[in-house]
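Across the two complexes that follow, subunit A remains constant while its partner is subunit B and subsequently subunit C.
Right after this comes the complex of A and B.
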């Protein structure tokens, strides 16, 4: 069995099983936390609006902090947007998703995806350096933060190398890319990468809870 | 061709001009990644070369490799060079048969001991050696004997190089490649199902010129011909870069000659010279004819899933297994939530007490 055969066969299977197992485990566990009945009298009844409002308000910088967090804000959006384009609109990726999900969607020209992948990589490296050097960020960071960044950074780098056919034979680079994605999938449910699934529901939940108590958030 | 005749004399007698000969030498030199200054050396060496003895053994094969080399197109300089070797034994091509043919092989082996080139096409059954025999001699025994007295071995075709289709799952004959059996001798793998004719003549030209075997890649194939993958040399590559793909074999993209990646083309992981040398006297190659590369020059190409599955498609197993993982995750999630509540209740009770 070659490295590529392992990476696209058993390696991928195990990574997906662990990913699905872990994500469902954490989601169900979190959902059960909501099952408790709130006995207090609601001050506001339209909790859906409050929940959606919280998703929006936490996606935009608070006016008071606008200038201070401008860098994080811009780089955060640039990173997520570039990653989103690179992962979801690259033709070979869509073929991969199609093989797993059974359906595909239109792709973007490879050259555009290459540009977004390079932007995503550059921004993430910048954020990693900043996290490691900025005194406050460094203080509030733990191993989870660094591991989560590195396991996402490596698939980006190996993906760019595989696309450009630089640094090794294509099948080796493709195998390394797949293996690095598998490491990321395995880490995903157990670290901070889980925010990709948890963030929006968590904001909504916090919004409805605040709304019920009449807190403007 | 007489045995004492040089290759140059022979080609001249066949009407090949000096210009045509030098053109072939230049092409051969560039194919072998030699500098332009080496062309003269190649020409001189080839012109004065004596015909080397070649013994060709055909084992578990379909004769496609022999067809490719001998009948692919009208005689060219390449095929004349092929004619110019002393092919002392080739049981598909020779008129002699039975014990007479075997006697000719044994005589050629004695006469040219340590100097002849052994060409092998087809895989060798080791599960039960009786699956394939020639004049009562098993393929295995014939290979071991012929290889022991050869200068070098050329494994022609994917079957001889890597086991090929006979080796494919479930491999009923226990088929193996030449390199699985022979050790201690130089082996040149000229893989492909079948291999490109000019690659085998190129290997022979290298041998005639330098008296050595060419530089090989990690799979034992001549690096000059197998050094780059089809995708890197494919004329459809710009369509890949632009993200223009044929979705089916008869859609607009297919008619416009767009990239065949989505239709399962194995060009990115296949190392061969099809995209540069092409087939049928340089006329075309599979991708040019509208079908993706099936990766036939790579080991185990028959067992790598469908030819029509894109390379980036994962073999992710069954949906049931994923659902099983989800169910296990859900069970653990519910269990841990119940356990957390029980812990909390217990803590509250302890606090109240």
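Right after this comes the complex of A and C.
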């Protein structure tokens, strides 16, 4: 079995199983811890609307905070947009998704995807440097914070190299790209990449809690 | 009108005496850790678990914290203040605990001791960080759980411990109990202000606080005059008047429940329709939003803050007010537990506008308002005096930007800290209470 065969065969399968099982396990563990029923008389009764509202409202900082977190706000948006475009609208990725899901979608021109991938990589490296140098972020960070950045950074870099055919044989680069994605999938449920899943329930529960008191979350 | 009030100077002397009278709590390190973990376990529910599992460690919360902003001390980042709880969750409760355990250090008595400064001195529980978190994490709720753990482990600031013991064992605070309230009611009676003490049945039961009785008797007088003017059928009970809840402030559950129970039982016995809360932010949070759940029963009466009551009485044309026409301007300081934690932001502004005053907002206001610097009873603690003053300077800058003639607030705790801060930094703008402002403009 070649490296590429392993990476695109059993390696990928195992990584996906660990990813799915880990995410479900962690989600169940947190969501199923009980909370006492709130017996106070709510000011606002439509808690579903308040919860959904928070999913939206927490995507933009409140006016009073805007200036102080402008850098993180802008880089946060740039990073996530660039990542999603690179992952979801690159023709070879869509072929892969089609093979797994049974359906595909239109792709963007390769050059555009390459630009977004380079932007994503640059932003992520900037965020890594900031984490290592900003007094608060450096102080609060632990291994998870750095590992989670690195395991996402490597697939981006190997993907760009594979596309550009730079740094080795294409098959080797592709295998490394796949393996690095697999490492990321395996790490996902253990570290804070899990936030991609937790964002919705976390924001929703904030929305309902604040909404009950008549406060916009 | 001015009632004989204790000066801030004398009040500080009283606090000094409290401090001198208590020795540190003796307990073995193992016992401290065991108790803290037990408290963490009891308080760590599904909501907190989702929060702890969602944190990105982005550090944005630091940018909302007045203590971090004032000092640039990274240990004051709110995310760090609940780190102990996160460690506990990861090691002992998380579905991934078998993995996290390998590299997450266990909690030690030394950790607990170190965190006392972070969660008591350097956190007022104001929850401004809750409003900035991109994940919607209720950071202040997790920090409060850490307070619970520390309280169980005996790491509570001495002033809070002595006050908690006093409220629990004697049903008084700062030595103020039924006798002191009765004496004040009699004094007010002599001035023609009727304070209907200990009526067996009434529609409205008003609470007050030891701080009002000692420092701000005019606030109680104002509440009485407003209620009388509105023609309310009301009472105040000499054995269940204290709205302050040192249990919730210090993180001590039994005292919190006992203090709530005293009020709820009396309210039910009097058959009231409305429990009316004085100017105390945390009393509103406790009674309005937590009492029913803590007592495990749906309460049969409404729980209303004075700003809400006054606003609704004005709307119903039951209060006759003099409208000012001299262009007086005011800034309303939102107490955190009334505003972002309570949902009462518009009513006080409506009241001030009904008085004909121009309301000038600080750059951060309502749900994003800066804390006075000393929320949740922090003003009693000597260990945080310097930090509080630094936080006050931020608040002062905000007030100066608003540029109003007077600062009005709806919480005696905020009022004390603003007054102390103003005194220390030689700031001249008057700070007063909403109810006193209203009472001064009643058209009798």
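The rule is simple: the second predicted complex is superposed on the first by the 204 of 217 C-alpha atoms of A that agree within 3 Å, B and C clash if a C-alpha of one lies under 4 Å from a C-alpha of the other, contacts with A are read in each partner's own complex, and residues count from 1 in each chain.
The definition used in the following text is that contacts are C-beta pairs under 8 Å (C-beta built on N, C-alpha and C of every residue); 3 or more make two chains touch, one makes a residue touch a chain.
Quick caveat: nothing in here was measured; it's all calculated off a predicted structure.
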item	value
Which superposed partner A:195 touches (first subunit B, second subunit C, both, neither)	second
Partner chain in contact with A:122 - subunit B first, subunit C second, else both or neither	neither
Partner chain(s) touched by A:150 [first = subunit B, second = subunit C, both, neither]	neither
Partner chain(s) touched by A:216 [first = subunit B, second = subunit C, both, neither]	second
Touching partner for A:32 - first (subunit B), second (subunit C), both, neither	both
Overlap of subunit C and subunit B interfaces on subunit A (superposed complexes)	25-26, 28-29, 31-33
List of subunit A residues in touch with subunit B within their complex	4-5, 8-9, 12-13, 16-18, 20-29, 31-33, 91-93, 95-96, 98-100, 107-111, 113, 165, 169-171, 174, 178
Residue numbers on subunit B that touch subunit A, as the complex places them	229, 231-232, 240-243, 245, 261-262, 268-269, 304, 309-317, 321-322, 324-326, 328-330, 332-334, 336-338, 340-341
Complex interface listing, subunit A residues touching subunit C	25-26, 28-41, 43, 54, 58-59, 61-65, 68-69, 72, 76, 134-145, 189-190, 192, 194-195, 198-199, 201-207, 209-210, 213-217
Of subunit C, residues touching subunit A in the complex	44-47, 49-60, 62-64, 68, 72, 74-75, 77, 79-80, 83, 93-96, 99, 103, 130-138, 288-293, 296-299, 302-303, 339-343, 363-365, 367-368
